[in-house]
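Chain naming follows the written order as A, B and C, and within any one chain the residues start at number 1.
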Amino acid sequence: MEPALDTAHSAADTLILHLDGFEGPMDLLLNLARAQKVDLAKISILSLVDQYLAVIADARKYSLELTADWLLMAAWLTWLKSRLLLPAPSDELEDAEAVAAALTERLAELSAMRKLSAWLGRRPILGDDVFARGMPESHEEIDSSGVVIEPGVFIRAYLRAMRRGAKSTGYTPKPLNFWTLQAALHSMSQRAERQFSWTDLQDFLPESPFNETERRAAVASTFLAGLELAKSGAVQVRQQEAFGPILLRTTPDGSDPAP
Amino acid sequence: MTDVTILPTDDTLRLIEALVFASAEVVPMKDISALLPEGIHADVVVKVLKARYAGRGVEVVEVAGGVAFRTALDLAPRLRKLIAKPRRLTPVAMETLSIIAYHQPVTRAEIEHIRGASLSQQTLDQLLELELITPKGRRDTPGRPTIWGTTAGFLSYFGIKALDELPRRDDLLIDRG
Amino acid sequence: MTDVTILPTDDTLRLIEALVFASAEVVPMKDISALLPEGIHADVVVKVLKARYAGRGVEVVEVAGGVAFRTALDLAPRLRKLIAKPRRLTPVAMETLSIIAYHQPVTRAEIEHIRGASLSQQTLDQLLELELITPKGRRDTPGRPTIWGTTAGFLSYFGIKALDELPRRDDLLIDRG
C-alpha cells in the first residue's frame, strides 16, 4: 500500500511503524508491547493504549484509510483508559482492571503462538528441507477376483425373481396337466425296451382325462418323443399318406437304444 | 570407463544418494554428471553407490535413462499386501445365481421361465467367470440344453459348507404353502 | 524397551528396510511389527536401521508415530535446487497452524480471537490442501461451528514424533525480549 506511517513513540528508540505491515490491531499491540522490552505480564497497559491511540491518530492525520477493526479497538482502548484513570466506583475500576488483565493475557497468548510458529519454522520441513522417497513403490495388490454374496441380498434376489416369474406365467392354483416331452420320452422309452411293432402314435398317449388343448399338446410331445428316439435309432417312424396315422415301431435289429 | 578412476568423496556420494532417493523420476546420468566435481565420472559414482547397497533391502539399479532405487527383488513378494476388493454382482446376476442354487441342475430356459424374464449370455458368462456356476452336463431333451449348477466356490463365498445349509426354500416362500 | 533385547537377523533388517524405503509416507510401527518374527521388537529394528543410515544421504527418522526415510537435513540447500517442490507456508498460515495445533479442537472464531484478525479463505485452503489440518466435528454451541485439529500429516510435515513433542506452554509463555 502507499504511504507508510512513521511514528515516534515515547520510548527512547524510534519504532518505525508501517501500519499496512500489521496483521491487525492485536498484531500492532503485540509489537508495541514488545517494544516496551519488559515481560509481557508487566507491560503498562496505559502506555500501550496511548501508543496505540497515537498511531491511529497519526494514521488519520495522513488520512490513511483504516478498516473498522482498527477503529473499534481504538474506541475500546479509549474506554478502557478512561476507566483505568478516572476516579470511579470501585467495582467499575475492578472491571476495567479485569479487562486490562484479559488484554494482557490475549497478548501473551498471541506471543506464545508466534513463538510456536517460529519453533515450527525451524523444524526440518518435509518437501523443503528434507525429502521423502520421490518414487514410492507400492507393494499393495488389489485382488478383485472375489465376489460378495451377502445372504440377505441373495435371498431378496431369489424372492424378486420368483415373484416376477409367478406374475409373468400367471399363477394357477391347479397344476397344469400337460403331458410333457420328458414324460412322453420316458413312457415311450420304457415301452421300447419291451419292443413293439408298428403302433399308432395315438396309442402312446396317456389315459388321463384331457381337455382338447391338453390332448393336442400331448400329441405334439409324444410325436417329438418319437422323433427324438428315432434320431437315436431306437425306433422307426412311418406315415404312409399326408395327414394319415403316424406309426412307430422299435428298430428290429436293435441298434443300441438310447436311454 | 576411464583410464584414471578418481573416487568420489563421501559428500558427493551422499548428495547423489539423496537426489536419486528424492527424485520423482529416474535420474538421468547427465543430471548426475552435472553435479559432480571436475574429474569425477557419473558411472563411477553409480558403481560405488550400487556396491554400497548391494545385498541390502533396497538396491540401486540402472534403468532406461538413468538411475533409481528399487526394492530388492527377493523381498518384493514378502512385502506384497493383498487388498481384497471383492466385486458385487448385478441384481440380474444375483437372481440368476439364486435360481441356479435352488433349482439345480437347471437349464437356461428353465431359469428364464422361473425369472419370468430372458437371461443374457453376459450374465451367465459373468457367473461362469467368477466360478460361481458350472455346467453339469446336458439334459436329454430336444436340443440337449446345458444344465447348470453351483460350484464349491459359491459355497465358500456364501460362507456355507453344503447346499443344504442354504436358507430353506419353504421358509422363504411362505405364501406358496 | 524389553529386558532381553534380541537383535534382528540381517534378513529381517533387509525386509523392514525395504518396507520403509518403499514408502513416501510414514510407516506405522504396527506395520513393522506385523512383519517381524516372534520376540523381535520394532523399536530395536528401527534403532539398528537408524544407526546404519546415520551420516548417509538418506536417514531413518522417527516421525508421526512411525518411521520414514528422509534426505539428510544438511543437503537441503543443494537438494532444494534440484527438486523443486515449494510448499513453504506463509507466516499467517504458520501462525494459524500453531494456534490449531495448540488449541485443538478449535473453532474459526477462536482462532480469529487469538490472532485478532480474520482468517482468510486462502489460508484455510492452503492448510487443508497440504492436509495439515482437518475438521474434527462440530462444537455443541449455538451455530454448531466446525472445530479443527491437526493431522498425522502435520507431524510428518514438521518431522515431529507426536503432539507432545511440541514445546511446552510454559516455555512459550516465557518472554525473553
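Annotations for the structure displayed:
One rule holds for everything that comes next: a residue touches a chain if its C-beta (ideal position, glycine included) is under 8 Å from a C-beta of that chain, and two chains touch if they have at least 3 such contacts.
As the structure is a computational prediction, the values presented were derived from the model and not from experiment.
Centrality by C-alpha centroid: the chain sitting nearest the overall protein C-alpha mean is A. Taking each chain's centre as the mean of its C-alpha atoms, the one that lies farthest from the centre of chain B is C.
The distance from the centre of chain A to the centre of chain C, with each centre set as the mean of the Cα atoms, comes to 27 Å.
Mean C-alpha position of chain B lies 32 Å from that of chain C. Once the centre of each chain is set as its mean CA position, chain A and chain B turn out to be 24 Å apart. Of all residues in chain B, those touching 2 or more other chains are 18, 21-24, 69, 71, 76, 79, listed in ascending order. Under the contact definition stated at the top, the residues of chain A that touch 2 or more other chains are 131-134, 137, 139.
Across the complex, chain B is touched by residues 131-135, 137, 139-149, 151, 153-155, 157-162, 164-169, 181-182, 185, 224, 228, 259 of chain A.
By the touch criterion given at the top, residues 18, 21-26, 68-71, 76, 79-89, 91, 94-99, 101-102, 113-117, 130, 132, 140-142, 154, 157-159, 167, 172-173 of chain B touch chain A in their complex.
The touching residues of chain B, when paired with chain C in their complex, are 13-19, 21-24, 31, 35, 55-58, 69, 71-72, 75-76, 78-79.
Put simply, chain A touches chain C in their complex at residues 23-27, 29, 34, 37, 39-41, 69, 106, 108-117, 119-121, 123-134, 136-139.
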